[in-house]
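Paired with chain B in one complex and with chain C in the other, chain A is shared by the two complexes that follow.
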Partner chain A sequence: MSRQASGLKAWVVQRVTALYLAVFFVYLLVHFLVAPPADYAAWRDWVAQPLVSLGLLVTVPVLLAHAWVGLRDVLMDYVKPLGLRVGLLSAAAFVFLAAGLWALRAILLVGLQG
Partner chain B sequence: MKLSVYRFNPDTDQRPAMQDFEVEVTPGMMLREALLEIKKQDETFAFRHSCGEGVCGSDGMNVNGRNCLACITPLAELKEPILVRPLPGRPVIRDLVVDMTQFYDQYKAVKPYLVREDPLPEAEIRQTPAERDRLDGLYECILCGCCSTACPSFWWNPERFHGPAALLQAWRFLADSRDQATDARLDALEGPYKLFRCHSIMNCVEVCPKGLNPTRAIGRIKDLMLEKGV
Partner chain C sequence: MSAKRPVFLDLWRIKLPATGIVSILHRVSGLLMIAAVPVAAALLALSLAGPEGFAAVAALLEHWLAKVALVVLAWSLAHHLFAGIRHLFLDIGIGLDRPVARTSARAAITVAVAAVLIGGGVILL
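Let's turn to the complex of A and B:
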């Protein structure tokens, strides 16, 4: 089993993260439709609220995990050459890591200052 | 009625081509009978068929873009021009006859038979009516291959993904109260390919000529894995 990528685990991760994302994205959508922040300062105040900060912080790894399983599935289905597949997976991993850290930094900076 | 039929003979043809035939339609005529008429017009035309009543599963083919059994598909329900092609994604041996080896290999891989650890009893192994009911919607599969060859995941990974037909049978034996190899069966399905290439596209459910639901069976397998694993 150890030489295989995960099956059940990846599937469960995708399902569970989907639940969180579905709920939180509905909240985001409703918030930005009903009470969109008027300016940057208002947006900062919103992000600085503890629950919003926490929600956004959790979203980052959850979203990336969800996207990772989906992207891995696409590459497994469509990219057959091993070198290309590993290359694309690695590239995606680095982009995900960078994007995730960047998003966490943005949320934390606002959260800490607010 | 006009039928446009896929023709390919690898020995003589560079590439496949569609050939048109005109067939006299009689009331209640099934597609298989129309193909037999075509065979009368051109005896080099090849397709598989046997029982003629949706039981043997020999004449699975792609008609107007949808997999079906020719023998139980009424011509009256088909839009003209009727395009008849071999099951998608399978190597063509000739005309509508395809190589189903990978499909059967995947079926074989799920060990489609009862496995007993206990010594076999003298008499039959009894089931309650409720236990027997669990096999409904599973045992009826005739292995025509309409589902697996309609499945994109099986198109991309036919050597590694079991496909809906084999997975329906995997669940059929997991669900059987007489089987004693649940853990071994689940272990064998682990990994990202054999079971988890299924993305619930549900083409299998859409095309199954017996009205079975492989996607639901696959979901049950995943649930059981989760139950045993968490």
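Let's turn to the complex of A and C:
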């Protein structure tokens, strides 16, 4: 069905994306525990920092790729009727695409002003 | 293949070992976070749209339902992270022996719950 992300390739994608996500989410968690943004200006300025913007922009496709491989694995195990499986994967693909583009737009709008 | 193979799928009587519990919780936590992806994207965009949007998101996150969701997601992230780190070690051949695998599985489950409790405590105090 999907030759682009099957077998060994999906296995490698899952591990490489996992490493990036582990490091970046630990950074995010520490940041929000130590210095949660007090107001809009502080929040926007933090996101507008070049390295934060870049980290967030990279996170969007990396997180969605990781989520995609994981969701695909789960659906292949538990949803056996092919039509239903393809339907669910297609719905997820559209939701991922819309959410990803919306997040990228929000980060870019702030990053380009900064 | 013979059609008479024994099948035992009584979910109330099957006892998963700790390694199996880590594995199924890894999937559950992943699915929970996937469900949060579109909401997170929308809240990120709203919070960055302007001071009104930021205030709206801040108010929304004060709702008790949102706090329950945040605790569930914090656990999901913690469990997925620790189970994932354990998984990466297994991938490179570390901790494959059964006693070690069971100990690390129990550790991943416990540390994830502890991290949520400690993190929640830090936020509340």
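Methods note: the second predicted complex is superposed on the first by the 109 of 114 C-alpha atoms of A that agree within 3 Å, B and C clash if a C-alpha of one lies under 4 Å from a C-alpha of the other, contacts with A are read in each partner's own complex, and residues count from 1 in each chain.
Note that in this section a residue touches a chain if its C-beta (ideal position, glycine included) is under 8 Å from a C-beta of that chain, and two chains touch if they have at least 3 such contacts.
A quick note: this is a predicted structure, and the numbers were derived from the prediction, not measured.
Trainee: In the overlay, answer first, second, both or neither for which of chain B and chain C A:Ala103 touches.
Mentor: In the superposed model, A:Ala103 contacts chain C only, not chain B.
Trainee: Just to be sure I read the superposition right, which of the two partners does A:Ala22 touch: chain B = first, chain C = second, or both, or neither?
Mentor: Second partner only, chain C.
Trainee: Kindly classify A:Leu8 by the partners it touches after superposition: chain B alone (first), chain C alone (second), both, or neither?
Mentor: first
Trainee: Touching A:Leu71 in the superposition: chain B (first), chain C (second), both, neither?
Mentor: Only chain C is touched by A:Leu71; chain B is not.
Trainee: Give one of first, second, both or neither to describe whether A:Leu112 is in contact with chain B, with chain C, with both, or with none.
Mentor: So A:Leu112 meets neither chain B nor chain C here.
Trainee: Should A:Tyr40 be classified as contacting the first partner (chain B), the second (chain C), both, or neither?
Mentor: A:Tyr40 contacts chain C only, not chain B.
Trainee: By the touch definition at the top of the document, which applies to A:Leu82: first (chain B), second (chain C), both, or neither?
Mentor: A:Leu82 contacts neither chain B nor chain C.
Trainee: Looking only at chain A, is it chain B or chain C that touches more of its residues?
Mentor: Greater contact footprint in residues on chain A: C.
Trainee: Which parts of chain A are touched by chain B and by chain C alike?
Mentor: none
Trainee: With touch defined as at the start, can you tell me which chain B residues reach chain A in the complex?
Mentor: The touching residues are 152-153, 156-157, 187, 189-197, 199, 222, 225-226, 229.
Trainee: Write out the stretch or stretches of chain C touching chain A in their complex.
Mentor: 27, 30-31, 33-34, 37-38, 40-42, 44-45, 47-51, 53-55, 77, 81, 84-85, 88, 91, 119, 122-123
Trainee: Taking the complex as given, what residues does chain A use to touch chain B?
Mentor: These residues of chain A touch chain B: 1, 4-8, 10-12, 72-73, 76-78.
Trainee: Could you pull out which chain A residues touch chain C in their complex?
Mentor: Touch residues, chain A against chain C: 15, 18-19, 22, 25-26, 29, 33, 39-40, 43-44, 47, 63-64, 67, 70-71, 74, 92, 95-96, 98-100, 102-103, 105-107, 109-110.
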